[in-house]
Amino acid sequence: MNFLKRTIPLAIAFIMGVMMAFQYYVPHEISQSLLKVVSRWGITIGGFAVFLGAYSLFHLHMTKIRRKLPGWGYSIFVFLGAGITIIFGLYNGGEFFWNDKQEGTMFEWMYFNVQVPAGATMFSILAFFMASAAYRTFKARTNEATILLIAAIIVMLGRVPIGTMISQYFPIVADWIMSVPNMAAKRGILIGVSIGAIATSLKIIFGIERAYLGGGD
Amino acid sequence: MIERLINIDRRFIFLLVAMAVTIPLLAKFNLPVRATKDVESIYYKIDSLPKNSHILIAFDYDPASKEELQPMADALLHHCYRKDIKVVGMTLNPGGTGLAVSAIESIGKEYGKTKGTDFVFLGYKTGVELVMINMGENIFSAFPEDFHGNATIDLPVLNGIDSLEDFDYVVDLASGSSIEAWIAFGKEKYGFDLGAGCTAVIGPDMYPFLQSKQLNGLMSGLRGAAEYEILIDRESTAVAGMSPQSVVHVLVVLFVLFGNTMYFMSKRKR
Amino acid sequence: MSIKMSRFFSLVISFTVVFSYAFPISAAGEKVLIAPTGFEAFDTPSDDGKSVSLRWTASPSASIDTEYVVFMSENKDGPFVTEALRINSLTMYEDNTHSRSHYAEVDPEKILSKESGRKNNKKEKAKHFFKLVITSGSSAMATKQIVSAFPEGDWFNWKKLNNFVLMVSFVALLLFFLNHAKKSPNLFIRKISGLDAIDEALGRATEMGKPALFVHGLNGMGSISTIAAVNILGRIAYRIAEYDTTLKVSNIDPIVMSVSQEVVKESYLEAGRPDAYVEDNIFLAASEQFPYVAAVSGIMVREKPATNFFMGYFYAESLILAETGANTGAIQIAATDSYTQLPFFITTCDYTLIGEELYAASAYLSREPLLLGSLRAQDVGKGVLIAALVIGTMLVTCGVGFVKYLFMAG
Amino acid sequence: MIKKNRDIYIIFSIFILFFIVNIVYLSLGWLDLWGNGLGIITGAAFTLAMYSFLYKDNPVFKIAENLFVGVAMGYWIVITWFNILKPDVFETLIVPIFKDTGKAPQFTILFPTLLGIFMLLRFSKKLAWLSRWSFAFIVGLGAGITIPNFIHAFILKQLTFDSLFSTSIPVSINNFLVLLGVVSVLIYFFFSVEHKGVVGGVSVIGVWFLMIAFGASFGYTVMARMSLLIGRIQFLIRDWLGLLQ
């Protein structure tokens, strides 16, 4: 059993990883068709992942409702929203889900009038918190924070038309900050993070990093 | 006095912010917006494309970033249709499908373009880099059908397109890390010109790619969209948004300066 | 229709070609064109077997209004009507040569399928013949040779050699240091200044008799940041048990919650205070981003913890959390590899572990050989790149470019 | 208790106000209920419900948020069906088996389909181990393609060697600063050496570069959030209230 549960997955990850890493250096047509087939499969497998997300969301809210955890009543609305959308989606304007997707259905109405406004508003709430944090919390506690805030102020003013009216140098200095010190630091970060990502990938291939297998034996 | 000013109810600050945005919008004063080099390079690239060239626009964002990226998408589409460039749309974000298809089709209609001949929306696929690689090998393998279920192989708009390298230009409109993926698994692997539009949050992270020419141009945030609107001479929501943007930035800067003055004054007192 | 038209034009062009070949000096004072020399065609090296490379020495009559046209045929004797390439004669010079020769790659199959309007036509691979012509206005001049090539797929892309070498050496490096770390677990890691602050902050919580709050980021156990955060949590819990204060841990992911419960329980046991462990103190605050913010902010305002830890991967909620915490007067320590949120932690927290410092801190505290070994291998990798950058730039400044070519992306 | 009553009072009066505004707009014909009026009113209601969080966390916000989460999940499921599962699995594998569509069923798709279904077994207690095969496939594949492509795009392409004596002095200075920035930031994230002496000095420079870069990100993030707010307010006063044209 251990063979099926542990050895095979580690072997699959190893074989896939090594094969795809080496594939990159082989330009031959055979290697290209391998890449085509495997990436095609990956997309199809990925399509099923939506149900993983759905399950964990619904399971979480189901548990909340079943155990009557604080605020469980609100969880009903998750099911309500999802239920209505899925029903309209599958009904597909009378054509049902096995036919091509129709236009101008209630499914789209739900998207444009619930998901779009609510989703778009969600992060705009942060605009207000940003301002209040600017007023109360963004303090130049240390030298580092001072440099950060000065750069931030120059960039904020340099990136809007009013900055040019205050001083014509704002946009010039902001441009310089963006394309010299910012660029250099971001490049340093990018290289460091990429080395990290490569190391993680190698650890996955060699079966050292196994978090993706989930817990258990 | 200082204590009271510092501990002011934050809802009062919220109200100030709301006013700083609403009043300039209602007053309708427009401030001059000048296009920067990075936005201009996208504009000139598209402008230099001959008639019937193909452009791929990846709408990799969802409603949460709509207010920043939709104006950009609109401006780009207007420019492409005006230049009679064939537009191919796709998305790697399921939440982006509705926004993308409505933009491509409604703006296409304004210019009298027909679906399937002048533009197509291929829809959504999951797997980010796998989708790019599959499209790079063969676009009909990655997208056998378009968003409405038509077989892509029969679409006249895709004549002359086999894979990513056949596109004359690719623009990624991103709210997440898809630009990096388009660079590593798309542009660098299959060799095409790549431009990008992104939310301002990730804008600064894109500068290393601009300098290394892995991106030929960049529009970041509403400001980037406003610059593009200026370039195509069609001022719309983004340009209108620049005056409240200015006012609210000044407000935030004043808040930071004021908050820090208070902070240092109270520190000195102690 | 359009295909026929293009055939027709090609015919016209080929007529002109033949015509001007016979009479090199064209009429009406038009420029005399000198044919380019050294035309050659060969299989493109390191490719998938689709393209053919063409190279020729620039013609002395190249100018802004002259063009090179390459015609293609599947027979040695023509007819050469299919246009494979048409470029301005001042473009597409071969890189790194001073001989001003031109270089181009063409994909014969693709050109043929485009001409016939077919898609994905599978055909037996054939030898292709090419003819080069220089044209200006209506006059044209062809080279004498007809060259040919047979496109073939290759088994190694030599342009990617440096990439391959880098990969193989990094694999060796990583495996070596992982092994090394297992044998000698005392691999040196520099002190991370934010970590000292943890003890200091916990001391303060004890003095004030108030709880410490540990806030997990939004990612699940699959993310490295969460694993690192859990490692640090273990250490914090150990200290807390020693100091005898309360630790509260807020979670958004049920799996992270149960892992955290295990880790904290173990740490309390290790510190000899299993009695002090209260399972309910490690709780699921909410399941969505903004409700999580509301719930955690509520705890901060009500219980006024003396210390807040924000560890793991954060999104837009970081700002609201850290701001609320700062206004309750807590000492705040953040550690995240979410670079977009770092600015807000730096300006609102007393100590912030930046990016990879989070992993380093977790390796430092847990002394886990796998983490230590991989960290060391990454450091050596960075060291190599730093050295290459510094030395390479120095050499380029002095006019020597070889390091640059060593690291050229093929 | 009094405070709670006040909150209820405020929420209730906002409701009434919202109701009255919409009734007035509908009756004056400024909004067309069965055209797009109902949609705009729904959108405005959700926008305002979200903003009610600013006053304080309240039931209206929670209901709107949970509904949104549900709708978004439902949308994701349906879109995945129409865009991935239907064209790639249903129509190429399942339909041709039962119906003559002129195309033979592509049995190679069985393999990814099975792996996809295995993935869902993660929630079964007995068969969860099968899901590991699918994850191993996807994760191994991702790891394999990541390594060489990252080396190419993010390491080799990002190593630029620009001469420190360039055509003009400002360019040379900038080239030097870029080199200094990249190197010092890399050294800051170097954990095998104590930050003392030269290394310490360079890593302090690295911190400065990082802070300027974070400042730039800070400014841009403020800009981003404000843009979102501007967009929403444009929606409210233009599409809903019609105060802007």
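Before moving on, here are some points about what is shown:
For reference, chains read A, B, C and D in written order, and residue numbers begin at 1 within each chain.
Keep in mind that, in the parts below, contacts are C-beta pairs under 8 Å (C-beta built on N, C-alpha and C of every residue); 3 or more make two chains touch, one makes a residue touch a chain.
Because the structure is a prediction, the values reported are computed rather than measured.
Contact analysis places A-D first among chain pairs (by count of C-beta pairs in contact). For chain B, the chain whose average C-alpha position is most distant is C. Chain centres here are Cα means. That of chain B falls 21 Å from that of chain C. Centroids built from CA atoms put chain B at 17 Å from chain A. With centres set at the average Cα position, the gap from chain B to chain D is 13 Å. Shared interface positions of chain B, defined as residues touching 2 or more other chains, are 14, 17-18, 65-67, 94-95, 98, 125-126, 130, 133, 138, 147, 149, 188, 201, 204-205, 208, 211, 223, 245, 248-249, 252. Among all residues of chain D, those that touch two or more other chains are 53-54, 62, 65-66, 69, 72, 75-76, 80, 82, 84, 86, 88, 141-142, 145-155, 157-158, 178-179, 182-183, 186, 189, 210-211, 213-218, 220-223, 226, 228-229, 231-232.
Counting only residues that touch two or more partner chains, chain A has 21, 24-25, 32, 39-40, 42-43, 46-47, 49-50, 57, 71, 101, 111-112, 115-120, 122-128, 130, 132, 134, 136-139, 144-145, 148-149, 152-153, 156, 159-160, 178, 182-183, 186-187, 189-192, 195, 198, 200, 202, 212. With chains as nodes and touching pairs as edges, the resulting graph is complete, every pair of chains being joined.
On chain C, the positions that touch chain D within their shared complex are 160, 162-164, 166-167, 188-191, 288, 290-291, 294, 298, 339-340, 342-344, 346-347, 354-357, 360, 375-376, 379-380, 382-383, 385-386, 388-390, 392-393, 395-397, 401, 403-404, 407-410.
Partner chain A is touched in their complex by these residues of chain D: 38-40, 42-44, 46-47, 49-51, 53-54, 59, 62-78, 80-82, 84-86, 88-90, 108-109, 111-113, 115-117, 119-120, 122-123, 128-129, 131-151, 154-155, 158, 174, 177-186, 188-189, 206-223, 225-226, 228-229, 231-232, 235. By the touch criterion given at the top, residues 32-33, 35-36, 39-40, 42-43, 46-47, 49-50, 99-101, 103, 108, 111-112, 115-120, 122-124, 127-128, 130-132, 134-140, 149, 152-153, 156-157, 159-165, 175, 178-179, 182-183, 186-187, 190 of chain A touch chain B in their complex.
In the complex of the two chains, the chain B residues touching chain D come out as 11, 14, 17-18, 21-22, 25-26, 28, 65-68, 94-95, 97-98, 123-126, 129-130, 133, 144-145, 147, 149, 180, 183-185, 187-189, 199-201, 203-205, 208, 211-212, 214, 220-223, 237, 240-241, 244-245, 248-249, 252.
The touching residues of chain D, counted against chain C in their complex, run 53, 57, 62, 65-66, 69, 147-148, 151-153, 155-157, 159, 161-165, 179, 182-183, 186-187, 189-195, 210-211, 214-215, 217-218, 221.
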